[in-house]
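The structure under discussion is supplied below as structure tokens; questions concerning it will follow.
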Amino acid sequence: MSINWYKFASPASFYPLAGRLIPWFAMGAAVLGIVGAWIGLVIAPTDFQQGEAYRIIFIHVPAAWMSMFLYLVMAFWGALALGFNTRLSAMMAQAIAPTGALMTFIALCTGSLWGRPTWGTYWAWDARMTSELILLFLYLGVIALRNAIDDPRRADRACAVLSLVGAVNVPIIYFSVKWWNTLHQGSSVSLTAAPRMAAIMLTGMLIMSIAAWLYAIAVVLMRVRAIIVERERGSAWIAQLPELAR
Amino acid sequence: MIATAPAADRDPSPWRLDGELPRLTSRKEAGGRTAIIALFSKRKAVVPQTTMRPCMDVPIDHESTRPMAMLEAQDISARRGLTRLFAGLSFTVQAGEALVITGANGTGKTTLLRMLAGLSAPASGTISWRGQPLQPFDPTLRSALAFAGHLPALKDELTAEENLSSLVALSEGDADPERVRAALDEVALGRQRHLPARVLSQGQRRRIGLARLALLNRMLWLLDEPMTSLDAAGAALLARLIGEHVGHGGIAVAATHTAIDLADARVRTLALS
Amino acid sequence: MTDARTVGGAVYVAKDRFGATSATHDVAEHHGGVLAAMAWATKRDLKLAIRSRSELGVQLLFYVIVVSLFPLATTPERTLLATMGPGVLWVAALLASLLSLQRLFASELADGALEQIALSPFPLEGLVSGKILAHWLTTGLPVALLAPVLGIQYAMDAESLIVLVLALLLGTPVLSLLGAIGAALTVGLRAGSSLLALLILPLYVPVLIFGAGAVDAARAGLGAGANLSLLGAALLVSAVGAPFAAAAAVRIALD
């Protein structure tokens, strides 16, 4: 069966499709999240060095991975919006930014909480944590730019350019921060030196990562539906939506 | 609206074209705003076979009686935010014609002009130049265009002469100082040419823009509210420049809510509502 | 570019210097590439900058004041100052660059010149590059040349100062190039300068790290070569890429 993908490039046809997909992704995220949490909290053995406190990596690492992955996805949709001038691509990019920022924030908070019992400090200028902080600033910059521009088309394209410039710079920033950190290694040990991984721990992290990915897809689809309704509100098909009927 | 003296009252112009101008039909868009295209003047004339343009210095070859559509808009629409400014708008402008776009504030005159200049793309429909559909910032159009925007693009710190040279150099690569001075003299700014633009009045700043139009060797003039701040002499100068430009085969599109007295020129009006 | 039109109508048939036919009013030859565009923009912007000299002086003064604030806030103790010195001088250079970036495109938009620049037959990337070059000559270069004088306040020795100047000479053009992208994206917006800072400062981090790191490395005896090479690489990459991004941002802003 060949699907006419271009049909779904219009917000009017994508809206109901997204609505049908959301429950599946949400359920998948919930199921895998419970399984992953079970593995992480109950099944995985106590770590030799760090005790029970290490278990927070089952949230920290998936959140950090998602934060970086979502930025690339956002830049990808931005590139599509610039190249093909499609509204829906820009709306997808607009929907991803807040979730990406949230993932970054979770990664920073959990990383900070992990540092306290393990290394005695809430914040050490570790290479990865510092890069996460800068990534948070990049996300907030995209969100701030979108809020600052009134015209939606100009905002779409400006944010697309900004996220592409950011995406090119993220590896450079990470490399420079790593360089800076290794030079000043001094007394502090890397905060994210994960314990030697038992296979069950890796499995747990993988399952939690997939759960985070499914959660992100579900939330982004929900948000893009809201964005579609807001931005297309002059169209005829919006007025006929059952959820908007009084 | 546009005042033109009846044909019978004037001497026959040397630049006249065969045949009647085609009457354009109006299009209505259901539920949208209506664009009314009114053909304001049409006249018959005879055209010589070859003509020399005094300032262009090139021979012109007239081959048939139907003028070629140089600038064409097909079914274009524009939105500002969620409101639709106009829709289903179609018109053509041929060489040697002036198109005056009228309408109240907020009807989209400036938006339409900026679309014709290639600064933004229409929400739907196509704009074509010389038969080729245009993308925004199309290089061919940029080489053929003189755009006079709402603001005269003058730098306060530069003198009138420096401003004019700079703008002409931006469009043509370099500016011959003699021609720049001559152009300033022609717009009655000869004595003010060493003054910084900061101390010039609004009308004088506008005149520098007129001098720029006269200097540039461009076919398509897009003028946004060209009558702003001009006194009677300035308005007469503007009308003369447009009339000469159009008479020599150029195209002038002006968005204005003030009447421009374009005597002896082929003028059409597009009223946005 | 155009062919001889034989489809009806009044046709201007003129021979340009290449023997092809083109319409009368078209600019027949491609009269300038990127370098000509850069020359136009740099010349004009430098002329404008010289005529508003006081504005430039104020920005340099800002740099001097910020640098002088840090010892007041921390300590005048010489060894600590020597450690802080490169970092403070670099951060102040970043802030001074940010302060002046707003005027790169804002004044052009305000008086309608930005539309003329975008509609010029010159390539927009070239015009933007020229503006960036003029911005660096009036902002980054004076900061780089002034830094050694201020470095004396921070008890830095001669070798560190030389490396600092070299690093600033390589790094401040990158600040202008990346900053121009941000300035073009935020031109005409209400939030203006603070939004520009939020957008650009994360991108400045590598320049800051390698620039200040160069001086630290020289002081530690490790040699500044690696850091300076990385700064040079950043300069080459941004010199090629940033004008395209900034030109795209200008077109988006004019939409």
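Labels for the chains are A, B and C, by order of writing; each one numbers its residues from 1.
Note that contacts are C-beta pairs under 8 Å (C-beta built on N, C-alpha and C of every residue); 3 or more make two chains touch, one makes a residue touch a chain.
Keep in mind it's a predicted model, so treat the numbers as computed, not measured.
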| item | value |
| --- | --- |
| Distance in touch steps, counted as few as possible, from chain B out to chain C | 1 |
| Result of counting contacting C-beta pairs for A-C and A-B, higher pair | A-C |
| Closest chain to global C-alpha mean, per-chain Cα centroids | C |
| Chain B and chain C: spacing of chain centres that average the CA atoms, whole Å | 36 |
| Chain A and chain B, separation of their C-alpha mean positions in angstrom | 51 |
| Length of the line joining the C-alpha centres of chain A and chain C, rounded to whole Å | 32 |
| Shared interface positions of chain C, touching two or more other chains | 255 |
| Residue numbers of chain A (touch at least two other chains) | 151 |
| Contacts with two or more other chains, residues of chain B listed in rising order | none |
| Residues of chain C that touch chain A when the two form their complex | 181, 185-186, 189-191, 195, 198-199, 201-203, 205-206, 209-210, 213, 216-217, 230, 234, 241, 245, 248-249, 252-253, 255 |
| Interface residues, chain A side, partner chain C - complex | 82, 134, 137-138, 140-141, 144-145, 148-149, 151, 153-154, 157-158, 161-162, 164-166, 168-169, 172-173, 175-177, 179-180, 183 |
| Chain A-facing residues of chain B, complex | 81-82 |
| Residue ranges of chain A in contact with chain B within the complex | 150-152, 233-234 |
| Touch list for chain B against partner chain C, complex | 17, 47, 53, 56, 58-69, 94-96, 117-121, 130-131, 136-137, 139-140, 142-145, 147, 149-158, 162, 166-167, 169-173, 217-220, 249-250 |
